[in-house]
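Listed next: structures, encoded as structure tokens.
Two complexes come next, and they have one chain in common, chain A, joined by chain B in the first and chain C in the second.
Entry: the complex of A and B
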């Protein structure tokens, strides 16, 4: 299959150059292209200028100073999955990366691209004239909603499909964005389904996160097939302990809402608690409190609950 | 032709052995040339504009803008064809119904409306986007039971024959008549054996149920494609397919050429599974565009086109009623089958027949009524897929057998042993079971899986076991009705096999070479093969007819024996011994009575050529699926002989069900399979295991999701086929029954097993959950819903 339109391709070697190019009309950044190129082939996006971020030194490398982990946005998922430091200090992140897509896609796909990836709703990907393709309708409502949001939506009910976002938000990751002085919490990147807080010309350059003492984290993914399958539900959980007591908890659900979904009620409930059976059950129920499933995705509510429960049980266990 | 059986089974050198594939080296080194790799000088690229509507009138097509695009060499629409419709099925009363390009109406999303040949794929894509088509959408219908209602929109009205039908060419002196389609019914099959009402009257237990199966996709890795080169009145094509004869026949008909002017060339095939049988629009279009432009034309479909615009598995609905006596004997069965065949007939009438025909060899059912409808809808077209009707029927029947056994207080093994057929049984259509390892397969699978120790022990507690039985044919009387094999001996004593049988991954070439090496007593390395070339090879059954071993292999075996007989004639002369005492082994012919009398093959062949007016030894053999039968059984009454041998299998499956997520994990699959004799055990196991995970996929997550005729998951990311990570522990038990008419006793193995797998897993899920699932696939959401209902 070919890309049925013409575009210019740029490979800048500095952030400055990249930002200049991306400030121009009709331009788009590209990492590994694993998400974008298929969309080009289907002519869902037809940019005139494609700007690669892979040739810029600042977007590469994984560094750890004992406190802070720094990952370049053009680092591939394979690099993350195989990195010794990440495996030692943030193993849940390496595990998450290993469970994304397939080896070939992980070899090409970048962390920046994974965080900024486009929606997977089939209507959108098949070019149906829905809200996200410039139309006036959502086809999932009244159609096939098995993959969609269980926590409602406005016009669009597609979910954020990024596994990496789920776990990284649980870890409290922040983003460095070219041209901005301050980092922003990763969570604030997401404004709605397929809607990012990046402005024209802005790119993610690095991702940072802090190591915490007495903290445990886990990523759980539910999918039908054992590999090369997006999550139907995922969860990233991080618990900071003070002895047996929970000092802080982060419970993020993936693929259930237009953005990564923070289960704030169960987080609040867990703080100051210990991971008893009753507390775990309660926390898992609170995680899906207020769910408003669509016609065909009630099952996701139960699965989300189960994942949270099992995640907490595992964290308690070892 | 006399067959001299000289060797005992234990003395075989090549058959019965896990010989390495003869095409393996080319494949693993990337040298194998597939159709998508074919690149000819001056070649153009074709693209097809397809309908976005499930049902619409084409009001106008404007190609003028596209014509002006530089690089565009030809554009065609329905008006430019020869007006010959094609189809998998064409009988005197069921004319072929598919136009190669839509005429005035489109009936499914993906139907070809116009096509372009251009100097590059890019130009071709641009050009089709410049073609303007005005449609007037019509009411469409997507469910077969809806389509059968009188008020449903008529998808076809009257279907007119396009010229002399295939049957007339082959001696059926019946004129083809137009078909007036009523209530969208493409075909009806009705048959009754015994007295069904009386049978139910005699039953102590009666069970009724409705079952529904899913649309699945073949998922061949190589997408469909064609390269056509038309030159000086002759057409050369490279296709990704399953047998050259169906293709050649319909290309010749639609292009208006004599068969001998169409050459289907051999090419490696990257998987087929039933999905590459009949003629496709793009094959005709590439040929036609090549004739128009005088240049070769290549068309390779996108994955989305493969899903949406080629063919899929038939989804079927069954209403079944079964009656049994207290002791478990089946007294009657009444089956109504409804097939959603899509917008064109596809294989609808055949799948409706086969769902029945693959069932009758399994159980003795004295009173049986079977009514089947293939129904037009505005969905994509359906065709054969591994098992073709068997997985659908077994999913329904094998579950109902378990249900009624439970009611009668019998276990699933017992009830099957009571009713299973045996060798010597004569089926209602006259077919004879000359070999039948059904009960042995069942017993072995049950013992190996410890079925009886496990069954019902964890009922409703998340762990379960199930069994399922199936049978499959070994070739049928369909064009070209039989096979000729040719074996040519070279002057160094080596041999070349010529057969129209095609290698599409199943191992046909290897099996043929094994047979020839064995019969001639020469090394495998000395045997080469030329297969699947419609011009250079003698005819064979297309390999989608499951007669690859039983019929095509048999023809090649007889050809090798013929060559050997001729060889022995000369050897006897040279050695001065009687022909009857000769043996061949290790490239040497020797006297069994006096082994010092020996001569290499090479010398005998040279002698034959040199001293006997250039007589190169050529062995010829012929075989047919059913001796004395000349036609495929009736698709409306089911009458008529079907096949020469049935294979059988029994599957044991064990599953675990996670009640909190609804996930079914298949832990183990054991297939006990009677293929007569495994000429290559590794290839047989490959077939059985491949069907193991294909069947598992069909139950657990494979589902082509169609919404108003559009497929929502037309790619390998969203259409979920199992990966190596998902595959459970699998085991194949060979049951050897030595069919008297198969080569070395061999018969079918490529497509029956899957039906047992599907039904065994479904039964195991019941055992684990205590809930009967009558609709495929059985997704976590279905399990969770059902368990919630149960609580």
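Entry: the complex of A and C
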């Protein structure tokens, strides 16, 4: 299968050059290409200019100064999964990376690309005239909705499929964006299904997060096949403890809504509590409070609840 | 630029090529260099039939733009044997009957080669993870896994 159109390809070696190219009309950034190249093949996206972000020094390297972890946006998922510092201090992040796709895709795919990846809704990917393809309806409503949002939506009910987003948001990650003075919380990158807050010409250069004392984190993923499968539901959970008491909690669900979904009621309930059986059960129920599943995806509500429960149980135990 | 001059080393041989921006490494390997052992399955990165080593790491050649392979060293299934002598993994695939239709075999062997050469004593779990990006629709994987286990032993005796 070939890419059925021509485009210009650029491989800038500086941020400045990349920003200039990406400010031009009809241009898009590319990382490892594992999401974009198949979309090019299906002509779902037909850019005139493709700008690689992999030859820019600022987008590479993993650094840790004992307090702050810094990951370049062009770092591959394999590099994250295998990095000694991440495995030692942020093992939940290495585990998440290892659970994305396949070894071959992790060797190409970048963290920046993973965070910015497009929707996996089959109607969208198969070119149905849905909202995302310029049409006027969501075919999942009244159609096959087993993979879709369980927390409602506006026009499009596709979910954000990023595993990495859940654990990184749970860790309070922030993004450095070329041309902006301040970092932004990763959570603010996501505005809706397939919609990012990046403006034309803006590129993510690095991801930062702080090490926390007395903190534990875990990533859980439910998928039908044990390998190379997107999550039906995933969750990134981080709990900060003060003794046995929970000082702060972050519970982010993936693949359940158009953006990564913060289970805020569950988080609020856990603060000041301890991880008793009762509290864990209550927190897992609150995580899916207000769920509005579609016709064929009620099962995802149960999975989400169970993942949160098992995640909290594991954090209590280990 | 729509066309690019690239230099790639494939199975030890250096090639200077002009490629279009939209060409994948898979197209270059199969259609320009005639390396038909690199299979095109799904063309979307899901099946692993097109797996090759790029700078020592397995990747889906269907997902990599050829221009991005510039300056890289590539090993395909054709480069796995040495001087007409099959690699132990190839020998064990034959010995164990791990090949049925054969379409996934080149990619499987490339993934197994990366594993064994980077982890001389892999567990079964690690073998399964190493080939988790390679789909086989015939064998049920049992014979593939036993072939890789035997190849691990052969490698350790070399």
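As a convention for this text, the second predicted complex is superposed on the first by the 318 of 318 C-alpha atoms of A that agree within 3 Å, B and C clash if a C-alpha of one lies under 4 Å from a C-alpha of the other, contacts with A are read in each partner's own complex, and residues count from 1 in each chain.
The definition used in the following text is that a residue touches a chain if its C-beta (ideal position, glycine included) is under 8 Å from a C-beta of that chain, and two chains touch if they have at least 3 such contacts.
Predicted model only: the values in this text are computed from it and were never measured.
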After lining up the shared chain so the two structures overlap, which partner does A:146 touch, if you call chain B first and chain C second: first, second, both or neither? first
Of the two partner chains, chain B (first) and chain C (second), which one does A:108 touch, if any: first, second, both, or neither? second
Let me test your reading of the model: by the given contact rule, A:122 touches which partner, first (chain B), second (chain C), both or neither? first
Please indicate which partner A:10 is in contact with in the superposed arrangement: first for chain B, second for chain C, both, or neither. second
Would you sort A:50 into first (chain B), second (chain C), both or neither based on which partner it touches? second
State whether A:1 touches chain B only (first), chain C only (second), both chains, or neither. both
Regarding the shared-chain residue A:303, is it in contact with chain B (first), chain C (second), both, or neither? first
Tell me which partner A:224 touches in the superposition: chain B (first), chain C (second), both or neither. first
Both chain B and chain C touch chain A; at which residues? 1-2, 226-228
With touch defined as at the start, can you tell me which chain A residues reach chain C in the complex? 1-3, 5-11, 32-34, 37-38, 40-41, 50, 52, 54, 78, 101-105, 107-108, 226-228
Listed in rising order, the residues of chain B that touch chain A in the complex are 121-122, 125-126, 129, 302-303, 660-662, 700-701, 705, 707, 710, 712-714, 716-718, 720-723, 725-726, 779-781, 784-785
In their shared complex, chain A is touched by residues of chain C numbered 1-2, 4, 20-24, 27, 40, 43-46, 48, 51, 54, 57-60, 62-65, 67-68, 111, 114, 128-130, 132-134
Give every residue of chain A touching chain B within the complex, in rising order. 1-2, 4, 122-123, 126, 143-144, 146, 222, 224-230, 296-299, 302-303, 306, 309
